[in-house]
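Listed next: structures, encoded as structure tokens.
In what comes next, chain A is part of two complexes: it sits with chain B in the first one and with chain C in the second one.
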Partner chain A sequence: MGLDKERPQLIVNGRRIDGRAPDELRPIEMEVGVLKNADGSAIVSFGNTRVLAAVYGPREVMPKHVAMVDRAVIRCRYRMLSFSTEERKSPAPSRREIELSKVIREALEPAIMSELFPRTAIDIFIEVLNADGGTRTTGITAAALALADAGIPMRDLVAGVAVGKVDGVIVLDINKVEDMYGEADMPVAAMPGVGRITLLQLNGVLSRDEFSQALALALRGIRKIYELQKEALRRKYVSTTEEV
Partner chain B sequence: MWLRCSTLSKSKPILYFQSRDVVVPGDVIAQGDVEIETPSYVTKLEDGRVVANVMGLLNIEESGEKVKVSLIPLKGRYIPRPGDLVIGIVADAGLTAWFIDIRAPFPGVLNAADYLGRPFNPAVEDLRRYLDVGDVVIAKVAQFDRTRDPILTVQDKGLGKVVEGSLIEIEPSRVPRVIGRRRSMINMLQELTGCTIVVGNNGRILLKCPNPEVEAVAILAIKKIEAEAHTPGLTERVREFIIEEKIKRGLMSRGLG
Partner chain C sequence: MSITPEQPVVPKLKYNAILNVLSKGQRIDKRSVYSYRPITVKTNVIPNAEGSALVSVGSTQVIAGVKLEIGQPYADTPNEGVLIVNAEFLPAASPTFEPGPPDENAIELARVVDRSLREPKVIALDKLCIIPGKRVWIVWLDIYVMDHDGNLLDASMLAAMAALASARIPRIVSVDPNTGDVKVNRSVREDRLPINKLVCTVTIAKIGRYLIVDPNLEEEAIANAKLAVSISEDGLIVGMQKMGMGYFTEDEVKSAVGIAMNVAPKLIETLRKAVQS
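Moving on, here comes the complex of A and B:
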């Protein structure tokens, strides 16, 4: 599909290439506490995009000189696995991955109450298992769950989703095809509870009106994802309660 | 874009959860004037909303107009506090102090002079003669202020090197449940199993049992407490569990229970 020279028709009869309405999210799955060694972990899928996140800490900082006296250092690594794309991705960290690691870290930092743990480190690992668009926002959603699972105090959960413009229509939660052939894509992450946007990027061209429309759509999507996150976290404890 | 209620009423606050509910980060617990027990992972926003910061069990105390909220986390690393009892494993021996793994983000420092109870001269003696890497010690956190590594002491009753017993680890945030209200859980465990149990605040538990069978029962019981820490009526359930397990293993006959 990716090698077609012809640009596919992205919107047919008001339906998108995968049959969704413009303001519809892909089917979302979330599971918390999937890894034993990590202090906190989560696996999240948005349609075919599947991302695993693991959190360690607060733990001793190694090397020691990077420690900060007034708060925890937060380190984040975003990585796409070799088999996550149609064509094998070189396992070496690319420019894109290094940049996304920084962007994701900055999207999560405002939520983490790092001032409670001076001279420690919190490590976040985000591994993309299968990439089909919106991996950074899926990664942020998974990492926020993993942080909460690790018991790290947070001001709020962070949820993210990518919106875009395809065939002149503003659409929610774009997939890889829409990202490649669309006119614009805009990943957004926010803390819905405290009303703060922590990530806002825009690739392509949107008019002022389209931008506000897209942002409103993204925030509406984020609300839904946020509720799913809370449900996923609660589920972990409700299951043991029911056994009793 | 975000709906904000700024109706700050001085009257009775609105509660959105009940006591003993499981809350997750971002959950709005209440709106209005409530008292927050410190330290607890609950914050008040400018608009009067009271929000949870960690996954945990909610505790709400209402007395007339006053509402007091606190949150017991379900998970999280151990952060030392002065006065805590910890069970540590020696990680390294320095010149005049041992560095002890206490499952915290910082190594515990146990000074040789404190351990030996006399001045220590590193020129004539080697620390490893007394405690070597891998040895287990029961200690107390003497001082810790987050600017330096926690200082440990063994100068108290029941502290010092451990020579026998089995060590198990649980989630540090669930230690209060293993001890129970006014030590009820731990007393019941010791009574029913005949083991001597030392619970460290850092989630390490040392068991000294008369025989391996009761030890197995005690460990299973502790693991059960850990898994069901957030559920009510735990002490009674664990009591039944221990009796059941003992009968199963032929350590007790049904009539005696």
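Moving on, here comes the complex of A and C:
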């Protein structure tokens, strides 16, 4: 939505509106195993964006006819809590949430070895607690951790980040203001260990060169996020081992 | 919730046949890998709509219509018209489509078309203001898939673009800025809906290790993933969406974008001809 009226200057002296360099991620926090009941869970924060992911399964499929004979069905729901946004979000599912549930499921499907669990369901719930840009990619990053925490065999972790173009500059990990007033927003998710891009969307206008630059920047960011994911998993499981 | 869809059953023989011809740079329907099926675009097919287009891409058929209504602008864009895009997969279009509200595929399609129109400012919404802050034209763009033989997105985008570019605005008879009362004579249509530029979408499917343009239904059934790239007539990328349960490598994404850029001018040309006539 072009709010050209009160559009703030997004890049000042090479720094972004929150003081970051163009290729700098926001402070990232990850915690694995935050829920008792879920088989796997994680909370991931990118700056003020904070997302919870929970995984149940592989478990019995209800209703039964949904089950598939050669693999697990993966069910995914992305949702924003009503108070996660500046103006209250109606709790009814929006078209945006329906689309994002689909693209997030498709971003995670390539990583999950669903063929090992025929006739079961793996349920992924992504709840946006606080939204400040990049909620779908933060959700994917959290969901991958939750899947790993649930002990579901995966080909690799999936990590995501949104890159964008603001004031003509290609920037990494855009926040809400940059998304709203910028020229382009491009969420990307990938399995860095095997070099597979599993989510790619572009909302905005880019030249071909800018696109290549943005994609390369996203993949560099994703590598860093991937390392943080592995650390977060190690932290949980190494500390558990020590307690025992 | 989004659920892993039922995979269409493709006989091994068919799968091997498709892959086998692809390895020779050919398609099962004798096309080359980067070519579209025959495209037809007919505009003004619905007299009651302000703009409309019936598009066929091979056996895929999509109809799009534009209705213009007087309404209120969004609070953050008080001097701009409003664009609302909807898509529906008619149960008539495929044995797999069921009646009911749009499912996630229809919603995704509508939202990809919406973004590809909105971001490059395809419609000059700033010229659709009637009373600043009070009354603007609401552009309702509705897309109906009538027959499904693959690549619904590219066909829908062509239909949407052709319907918009051929739409004409009903005559405004009187405007009362104080009450916000606007009288319209729908039987007389005058100026064209202001269009800044034409846009098309090119969908590239990945089958095995091969990238192909405009997958038909059989090819879509065995495709690992698809990448839709929207391109404007001035050669910019104005939208993108990866679809499907597979993945692309970085190199594959780059070649897909290159292919889309090469193919797009032909689609734009097709659109231009259809809209002028």
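One rule holds in what follows: the second predicted complex is superposed on the first by the 234 of 244 C-alpha atoms of A that agree within 3 Å, B and C clash if a C-alpha of one lies under 4 Å from a C-alpha of the other, contacts with A are read in each partner's own complex, and residues count from 1 in each chain.
Following the convention adopted for this analysis, contacts are C-beta pairs under 8 Å (C-beta built on N, C-alpha and C of every residue); 3 or more make two chains touch, one makes a residue touch a chain.
All of these numbers come straight from a predicted model, not from anything done at the bench.
For the composite obtained by superposing both complexes on chain A, the positions of chain B and chain C are free of clash and fit together. Using the contact criterion defined above for the overlaid structures, shared-chain residue A:12 touches neither chain B nor chain C, since it reaches no partner.
In the superposition on chain A, contact is made by A:191 with both chain B and chain C. Judged by the touch definition given at the top, the superposed model places A:106 against chain C, while chain B stays out of reach. When the two complexes are overlaid on their common chain A, residue A:219 makes contact with chain B and with chain C alike. Of the two partner chains placed by the overlay, only chain C lies in contact with A:204; chain B stays clear of it.
Using the contact criterion defined above for the overlaid structures, shared-chain residue A:21 touches neither chain B nor chain C, since it reaches no partner.
Of the two partner chains, chain B is the only one touched by A:153; chain C is not. Fitting both structures onto chain A leaves chain B and chain C with a minimum C-alpha separation of 6 Å. Chain A uses residues 191, 195, 215-216, 219 to touch chain B in one structure and chain C in the other.
Against chain A, the residues of chain B that register as touching in their complex are 1-2, 4, 22, 24-28, 41, 43, 45, 51, 53-55, 73-77, 79, 105-107, 146-147, 173, 227-228, 230-231, 237. Chain A meets chain C in the complex at residues 1-3, 5, 66, 68, 71-77, 95-96, 98-99, 101-106, 109-110, 114, 123, 184, 186, 191, 195-208, 211-212, 215-216, 219.
Residues of chain A touching chain B in their complex: 39-40, 57-60, 69, 111, 113, 117-121, 148-157, 191-195, 215-216, 219, 226, 229-230, 233-234, 237-238, 240-241, 244. Considering their complex, residues 1-4, 6-7, 74, 76-77, 104-105, 107-108, 110-111, 115, 119-120, 225, 227, 232, 235-250, 253-254, 257-258, 261 of chain C touch chain A.
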